[in-house]
Amino acid sequence: QTRIALVVKSLGNGFFDAANKGAQEAAAELGDVEVIYTGPTAATAEAQIEVINSLIAQQVDAIAISANDPDALVPALQKAMERGIKVISWDSGVAPEGRQLHLNPSETALIGETIIKLAADYLPDGGDVAILSASSTATNQNAWIEAAKAVLPEKFPNINLVSVVYGDDDSVKSTDEAKGLIASYPDLKAIIAPTTVGVVAAAQVVTDQNLIGKINVTGLALPSEFKQFIDNGASQAVALWNPIDLGYAAVMLANDLVKGGEAKPGAVLSMGRMGELTLDDTNSGAMAAPFTFDKSNIEEFSKIY
Amino acid sequence: MSRLLKHREVFLFLAILLVLVLVTARFPRFAQPGNLLTIFNDTSILMMLALGQMAVILTRSIDLSMAANLALTGMIVAMTNAAFPGVPVPLLMAMCVVVGAGLGAFNGVLVWKLNIPPIVVTLGTLTIYRGLVFVISGGAWVNAAQMSPDFINLQRAVFLGLPLLSWFAIVTALLFWVVMTRTPLGRSLYAIGVNPTASVYTGINVGRTKFYAFVISGAVAGLCGYLWISRYVIASVEVAGGYELTIIAACVIGGVSIAGGIGSVAGVLLGAIFLGVINNALPVINISPFWQMAISGTAILLAVVLNARGERRQGRVILKKAEAV
Amino acid sequence: MKPKTMTDPILTLSGISKSFPGVRALHDVSLELYAGEVTALIGENGAGKSTLVKTLTGIYQPDAGEIRVGGQRVTLPTAHSASALGITAIHQETVLFDEMTVAENIYLGHAPRGRFGLIDWRTMRAEAQETLDSMAAGIDAGIKLRELGIAKKHLVAVARALSIDAQVVIMDEPTAALSQKEIEDLYVLIELLKQDGKAILFISHKFDEIYRIADRFTVFRDGEQVGKGFIRDTSQGQIVQMMVGRAVDQIFPERTAVIGQTVLEAKGLSHPTEFEDISFFVREGEILGFYGLVGAGRSEVMQAVFGLTRTSAGTLSLDGAAIAPRSPADAVDAGIVYVPEERGKQGVITGEPIFKNVSLPSLGKTSKSGFLRMAEEFALARTYTERLDLRASSLSQNVSTLSGGNQQKVVIAKWLATLPKVIILDEPTKGIDIGSKAAVHGFMAELVAQGLSVIMVSSELPEVLGMSDRIVVMREGRVIDTLDNKGLKPETLVRLAAGIAEEQAA
Amino acid sequence: MTDTSLHRSLPNRLDNPLKSAVLSWESLLVVVVVAIFILNSFASPYFLNAWSLSDLTFNFTEKALIALAMALLIIAGEIDLSVAAIIALASTMMGLALQYGADTPTLVAVGVGIGILCGAFNGFLVTGLKLPSIVVTIGTMSLFRGIAFIILGDQSFKGYPATFSWFGQGYVWWVISFELVLFLVCALIYWVLLHRTNFGRRIFAIGNNDVAAKFSGVRVDRIKFILFCLTGLMSGIAAVLLTARLGSTRPSIAEGFELEAITMVVLGGVSILGGAGSILGVVLAALIVGLVTFGLGLLNVPGIVMTIFTGTLLIVVIALPILFRMWRQRA
């Protein structure tokens, strides 16, 4: 029996619950694998370390983690590896010395471009946009925002990114920040929130302040949580990868390592029904391209995740 | 004028005006009536919670569990709404008040019957209540899509130019004002804080009165549970995490003495509004959000220093009295 | 005096017992109170007087016994039920609300209600004012209680008792903090209450006032009732005999101390608001009395000498060397100690045992390089508590369970253990029974005989005259005169203290 | 009946010290510790293992270090809610020092020094300006962490030298970590300080009645100030350990530590009203909290559910003796 721990940023987040579904699916498919779904309630590094410590004590075979902090977890995860536990990160990565491989949901550059494109598609004449991110320490969000900034000048010259603010994946803070953006930038045309908490908060603010049609909210969102804002027009379209697939792939990869697979630059590992993952020189790889949801398909996907 | 200034409410009001003027100087749109009403509306929940907290602090107690109570009641009402969308919202609100009051009563009983210090009781129930949110929800969030439109929109309905949420705060404030100044219960809350021994000798049942204070703060927290959830349209374990200290900060800034017996409804409202204005003003005048925390910390410290200056007894002034004769 | 009427008592207590852990405060006591009469309750410190009061007002529940009001057997589970039955008390400690108005202090708990059952502030204020005016208290019902002096606060407590329309009014040492004038006013009030047909229970350690106003008396000793009767049929000596179980002579001790060099000298001490230009000195083996009316600022001066309050001008010198204590710790190091007036708040640490209270300022001596040595502490505590005849069950007994007089002894023991040069006693016998009083006085004589200097602040004329070598009289924050205590007439002191011109006093 | 006969030598104490020791709070806690230990070993096969037990200690040592000083502060009648914020600020300053090339001793000095400074600031506000500590430290809690946020914003400091990491990750001998050893040593020091010195005796006196203590010549303000500095110092030490353990600094570090430290103190039998408590109780309480959270962690119970257990434990352990006393009085 192989025991694989799926450690998430925080429990209760619909995104991670969906990932767990995929992980269980992978376990069922593999047969000899038990998935331990765990994580802290508050998205902090210290809480995740306590979880990791208890997993080390339980001598699990592998830890697949979506990290709250890329650096703070490194010592704890290194200790896990010293005790013979395979460690991979997925979704939100850990610094290379703290894991054996990292599974990106998608290419960072691609995500960065997608979130800008989602806004630009509905702004033919260009205009001001702002980003409402998660916590200022989130690895993945920061990487996407960097990528987005990088593509702006050449691909979207008339889009003007006026500000990046942080809502800490806390609905109140995100709401306040969204309001602040709207008050500070009267010409704001779109709010881009590459986080499922922030995007809901921003869409609610736009709805409340009767700004539907004036400000378009977009970003990364779970269809089930976000459906009503596509329906009411606060948002034209959002994107996301499939968290079920992500959880599935993470468990498959962890299982590969436990069963003898080796993570090194250039290696090709199997992700079951998701195909294969090729590792780059930092031992990370991307799963698939983000998928866009709009009026045409949200109904269907909101029933799935 | 100098007599007026002695009242910390006036002082606080001026401080708020000053912030408004300063911000408006840089950003004229800030002081528009619409924006001010928005700030008021945004602060409504904090005002109500701070009023509930004041009832407790007056009796030399403290309720650290208000935010957890809010989260638990909020989760219960959100799950109820998700499961039975047909239940009318006013009924749900009544349920919130009852559940919240019940959670407050649990604190109150421990304080009253077992004589455990309130800070210990509520430190314990703070973690218990929040843990229960996780237990009943299994950690899952209740999101906008699962809530009924009525549930979400009730507080947003506009009446006489103000959203209902603001009206809730106004009515709560009036109710508190009447209770605090015109009812035996309200006066007992003050009396206990001013002099607990004397209260016993006066025939006030100190334990039971504290119990009522906790029921009041619990009921308010419960009602705010609904208001919070329907405002931010998400119910999760982390709802209002750490907010207990913000509530206390609003009371302190509003001149409620942590030693009990001193505090007014007007002061608490202004204290909450002060925090609301600061939080709203910072993003608007483009101060990095990272400054926000340090600024509100400084505001709290300044408020305490100023309040203490006002409270300090001036001694008995034997010489002056002698001259006056 | 009105004729003796043998009507039925309004209130009867029989077989009342009450114990606290380790202490039997009341044992099988009985008491009757009659309408229109003042019954004095007399007893040493710790005899159980205040405990009885608290039992009667629903604050403590008796372990056994019964209470009858108007012949009807009653229980008093709360303070409220007692006042509903018309029993009200002015307690030993002032139990009022500083931050509230005078009117509310009078009516808290039974405020007049207006529409919707809401408190009617206007009526309350008016009625409170009426009550106060009927007492000629000269207090504005609208101001905060905090603004009143201690004596006026007592009047407010009386007004509260009146507002309840009580049948039984209990006064637990009401005059302890009052000046002579205020005491006189109180007597008038008590007379009014008597005429109103109220039964009054009056507790006091002062025999002059007992003989002045009481009709009957009841004596307690160690929680038991040991005697009762009519005041006019009993001599003071007999009552004292009942109280202590032995005869006590109330003569102040003979003092043989030789007065030596000046030890402590103050020159022109001033404080911005409380006192001005205070100069005095005290010599080896001398008792310097400080007399004045309550509120004259004597305590403030002493606390400045003790380093508790800052002075704005003036100098202090000890044995000729200038000192400037900035904290009590400095003063203690220099050899000046202070027995404060408010024993419970400032004197003893009630949550701790006797020996820890006694050793606290002497820890430097009982310890070894900062580490505690309990045996030394016990030895030290035993030495000094025994010398003061402290009554307790063990040295580890909590100070909170001692009676007032014994608590005072703990405070004095604590200071004696530091071997001070100057000991300041602020109202050292306030609220102390006659037996302990003599002990304290005897001890003061012993102290000066050993060469200490004693400063005694007192508002009791006999005590000041009986004990002091010289007397400083203070009024309204200033020194009025310093007198040699040789053939001094009491009237002289009263006149100086009250600021009455010579002709008027005569 | 109390014997009040004249001229009788007072005994040192009446009660039997052995009996009162058996009925003490600490013995109740020992029972709880043993019970939880046994429960844990039955509940999880991984519990009784040297490395597991060693890992367990990391869950509580940093908070327990703070709890030691906090206990003294609470016994003296004050409280410090800003300890976690002090950790954040101290850690940030260490990170800043690292950017300027500080070596390990300097880093430690910076962390500890900032801790003391913050404690002194609290102490000054409370004793110098005579403000209530609970409100002061609610304010400084925002202020200290706020400064960390101003300095760091969304950045982080990392790359601490290996010699520095040893403080948070190193082992002194076999499974005995440096953190554990440091905690035990500090516990011993604090035990002596509180229970065996004049300083400790004065702390109790202050907590019982600070006015009377002052009138007895105790330098109340100075002692309170020192206690705030000590609490700051322990927070600084905790900052060093935590930073070394995490290997990085973010302004959000150590969130919620203050309430956990206070829980340990209160669970340890220290009266929140001041004037009573013991270091042994606090150490046992820290152990209990560590055992409960680790034991439940082994069963993969989410952290938030663990808090239900600690919260309930807190109330139950405090309520039990009271209920027992009430029951006995009725009987």
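Every chain is named by a letter (A, B, C and D) in the order it is written, and numbering of its residues begins at 1.
Keep this in mind: a residue touches a chain if its C-beta (ideal position, glycine included) is under 8 Å from a C-beta of that chain, and two chains touch if they have at least 3 such contacts.
Please read all numbers here as calculations on a predicted model, not as lab measurements.
J.: Which pair wins on C-beta contacts, C-D or B-C?
T.: C-D
J.: Measure off the straight-line distance from the CA centroid of subunit A to the CA centroid of subunit C, and report it in whole Å.
T.: One centre to the other, that is 74 Å.
J.: Centroid from C-alpha atoms only, then distance subunit B to subunit C, rounded to Å. What do you get?
T.: 43
J.: Nearest whole angstrom, what separates the Cα centre of subunit A from the Cα centre of subunit B?
T.: About 35 Å separates the centre of subunit A from that of subunit B.
J.: Subunit C: which residues touch two or more other chains?
T.: As it turns out, subunit C has no residue touching two or more other chains.
J.: Please list all residues of subunit D that touch 2 or more other chains.
T.: Residues 153-154, 255-256, 302, 304 of subunit D each touch two or more of the other chains.
J.: Do you know which subunit A residues sit against two or more other chains?
T.: 11, 41-42, 166
J.: Under the stated touch criterion, can you name all the chain pairs that qualify?
T.: The list of touching pairs comes to A-B, A-D, B-C, B-D, C-D.
J.: Please give the residue numbers of subunit A that touch subunit D in the complex, ascending.
T.: Counting only subunit A, the residues touching subunit D are 11, 36, 38-42, 44-47, 49-51, 53-54, 56-59, 69, 71-72, 74-75, 79, 83, 135-137, 142, 166.
J.: Over in the complex, which subunit B residues touch subunit A? Could you list them?
T.: For subunit B paired with subunit A, touching residues are 27, 29-30, 35, 38, 42, 134, 137, 139-141, 143-145, 156, 232-234, 236-241, 279-280, 282-284, 286, 289.
J.: Looking at the complex, which residues from subunit D come into contact with subunit C?
T.: 1-4, 6-7, 9-15, 192, 196-202, 204-205, 208-209, 211-219, 275-276
J.: Inside the complex, what are the residues of subunit A that reach subunit B?
T.: Per the touch definition, subunit A meets subunit B at residues 10-14, 17, 41-42, 165-166, 170-172, 175-177, 179-181, 183-184, 186, 197, 200-201, 204, 208, 224-229, 302.
J.: Once bound in the complex, which stretches of subunit D touch subunit B?
T.: Interface residues on subunit D, with respect to subunit B: 81, 125, 129-132, 134-136, 138-147, 149-150, 152-154, 251, 255-256, 259, 262-263, 266, 271-273, 302, 304-308, 310-312, 314-315, 318-319, 322-323.
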